[in-house]
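The structure that follows is given in the form of structure tokens.
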């Protein structure tokens, strides 16, 4: 892999560098700083800002380091008189039409132009005529513009064409009247477009909700992980006092490269919603009113102990969100199981549970997100990928751009900005069949043959079409192939069958397999035992009711942890169950009118933005988030709250020591032996009820995004609203 | 003089010289047919490149790069290659390509066919300047159709197995599209913004494929050179600048126009052919190669011969051969202001120095002509021009800087006078 | 020696010597003033209580750039800001903690729009702890009330800056 090393001289010192790279890449690796604006490591080279000009021996002019390839014996001077003169010239030109509004510019303090103006700018301006000004565009609710500040580096334009795949911004006009603009009053709507804010080296594109609120030097930076999808994008929370002000990406080349989705960036606004619950509520004499923590915990513990004594195992329904932290899931499962209650589940967007016995110990990707880029053939089933996991879509786009064959089987067509080989548009009822046909086509000339009883099932199917054969062939021909099951599969009435077929296909075609899951920590929920058929660490256990069964019954006690009925695929059923149950307890950061009417005890939760914990992403990578913001300072953390309830319920205190390490070890041990069963479910659930079409709204994935004002004003959210009407 | 109008303009005095019959009557397309009827293989290709190399033909687009050498840079691979004719003639003062396209379009087509064959480029584009839409483009289109009807272009031409398809492409009227990579971008349907070189078009040209871009006049010279041989060609002009060049003489002369003359003729001769100075005024200055070359004072140019080397040693360049003659009594400040405005309006806006610097230059000159100038503005002007020069992707930055540098160098006193006299010109 | 001392003591010469100093100073011009009835002159650069200024049309000068709070060595200034209705950057809170302020004048020098200025007011008091916070309204009021005085003071000092 290692390329031949060549020797170049930079500032009188010799270095060995790899050939084939640009000078600026070499200097960046060596830690030699060359100023730049238009160059960005993830974007193509434009060489238009002329800031990175350096002196190269035997060249009459200064050359741009970003577009000059290193060559053997090259002698470069980055700080010589002529290099500095050229850089200063560029800086002066950039500044003549740049407004002097740094005091009100949100980029002030983190502005590349400002920084370089200190090192390369003149003390006073020689430009005496009027500066150019430009009108601002309205790019939508997420990005604010001050086009006068634009230095036309075209990073945003290249981001649109190369990373997002959707060229939403472009240059218009020529010469001095060049501007960056959308095509005739459009807004910027791509789900990754917020990254333009970060790549803009000046204050031309900025964070709209953050506009004019704080200065960068006032903010503390805290590492965190996105709680909105199963990718686990790394990000930095920028916090002032105890308030999150904005979120920026944290580079992680294995997960999110240097990008985050708009959902991860702007959703946090939801935690400052007006309907935030900050004190416990208790129903006294038919009225839900504020209570002390002791009162509420006592009341809940009493209910639990009474039901435990009554031995009414099935009288209790315990639901938990798949976006809660690992330690909370563990304690919640511990609480319920120790009291003898088996009805615990997190799969509130799943309707087909017939394949529970075939469930893997935990759902996960065979590969890490970044490895998708290396795949040569990808089949995606039942997924509106861009909306479900924008960053997985990004990796798939990267693979497709490098020539991978990408195929879809989905019930509706959505637009992708990369080449797609086959798109099998299949009705919901035919999704499993279409997949089976690919499997059938694959089995025809496969090395790994299927068991005969499964072949019999396949033989009963009609002949596969050309597309099926093409997909099968593409998967078989490439060693690096990948099957991805989307969130629509989860909500599908034949989910178990689809997953079995995928397992079989993965075996037959020797492909990697990955399953997208709802929430940020569904893997954690499986591993901590928040499922009715297994305890923590995959130990099998007496079967409890699954989420759908729980929702179709009335109970003596129903507990919702981190869940709002709106999160549930069968919201109506859950609502009825809540109304019909004797006692309803909700742990939630928010209070809705419905719950106010029906809940008996409510505990305020801290959101993942405000608490400490860990998520396991779809690839089984455990990631900590370590922030403790205090919205209501005296409130206990979620973990403390659960421990107090456990204590109140007279249970032995569980040990949380090394929980993370234990789980990590368990994942490492089981991942390789993680034998996916070559079996299909005995019973196939067929319902006519169509649930799955509602599952993929970009900005309706959890209670926080639903409440985020900037996200709810986006075109995506508004179009969903009009659909619902 | 015996060599007048001997190459590109050889048949323009005939009636309807643009028609294929007339072109053929004077020996046109004979060379192309000969190539096709011979053994059109790699040897034949090699031979043509060799002929052009030995003839010493240099690109007439401005830089004067040896054409044969440029052709030999094309990779000898089997991938799709392209030939592009740069007829986006927009350099102020230049108008010879228009005349070639109007009066002798088949010479260009034949030249392109031969060049395309020599480089194994099976597709050619003729990028015609947008402003030529009315008088020139219809003729070029007509000529192309004629060439196709006579089976001189297309697939398997005259049964020889040689393919060459030619398309005309009309630009939209941007000066910057005359820069070869800007032209390629424009040809691809993008904004005409020059690309950074390297990679050069010979490696990464139109649609990312090897491409050679030649000027109209260069390509139109090819058939004649092949017909008459290199010795004949080299008998004209000087050693290092052989052949003829079309000089577009404009400005204060009695007979402005295009003159195809051997390179190396003394400037005085050229001036005489153009009818001498208008109103017998004294020669003040000459811009010898289009607006983008440096101005030369009258006494300097008087000793020059019109070829690449002589003008280069005098501190300017032959450029496109557009000779702008300036008589005594012309205000050099106004002239510079006007030319600066051209660069201010025509730059592509891609790289910083041109985008910001040209406007600054123009505004400074505007300030001086309005009588608000200060002595320090002159140093600033030169300084800004120096900061643009050499710092841009293409040569546009240099072209914008050179007039400013040379005008102030040679006519400092005029600028100074205007500044001290509140905008009054020394020439008035 | 003894006799000389006795004479000195008897004639009260030392006392008279002392009285001479008293007498001399009795008629000398006085340098103490009867504060608070009489006040000493104040330098144009005197650094007193802080005030916020407005433009002549009544618009607030402050643009919430927070440079003053950044430069403040005592962390006395706390500012919150947001986009105002007319799209400009404005403060929603501008508090100066009078207990923390050390009257160094850095804020005035950092201000790019001359919004925060130091008046020559140094006589003020408070009786309750919470009164130490000078809010935006109070600071603007102070700027309005002493506008002429402040402008005069700054104009005089202008040449030396």
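As written, the chain order gives the labels A, B and C, with residue 1 at the start of each chain.
Heads up, the rule we're going with is that contacts are C-beta pairs under 8 Å (C-beta built on N, C-alpha and C of every residue); 3 or more make two chains touch, one makes a residue touch a chain.
Quick caveat, the model's predicted, so the values are computed rather than measured.
Shown here, the protein chains touch in a chain-like sequence that does not close on itself. For the interfaces A-B and A-C, the C-beta contact count is higher for A-B.
Taking the mean of all protein Cα atoms as the centre, the chain whose own Cα mean lies nearest is A.
Here the spacing of chain B and chain C, counted between their Cα centres, is 74 Å. Here the CA centre of chain A is 56 Å from the CA centre of chain C. Considering their complex, residues 45, 47-51, 53, 60-62, 64, 67, 69, 85-86, 89-90, 92-94, 96-97, 126-129, 151-152, 171, 173-178 of chain A touch chain B.
Chain C contributes residues 63-67, 70, 80-83, 88-90, 112-113 to its touches with chain A in the complex. Of all residues in chain A, only 103-104, 108, 211-215, 217-218 touch chain C in the complex they form.
Those residues of chain B that touch chain A in the complex are listed here as 174, 176, 191, 196, 198, 344-360, 363, 367, 380, 387-388, 390-393.
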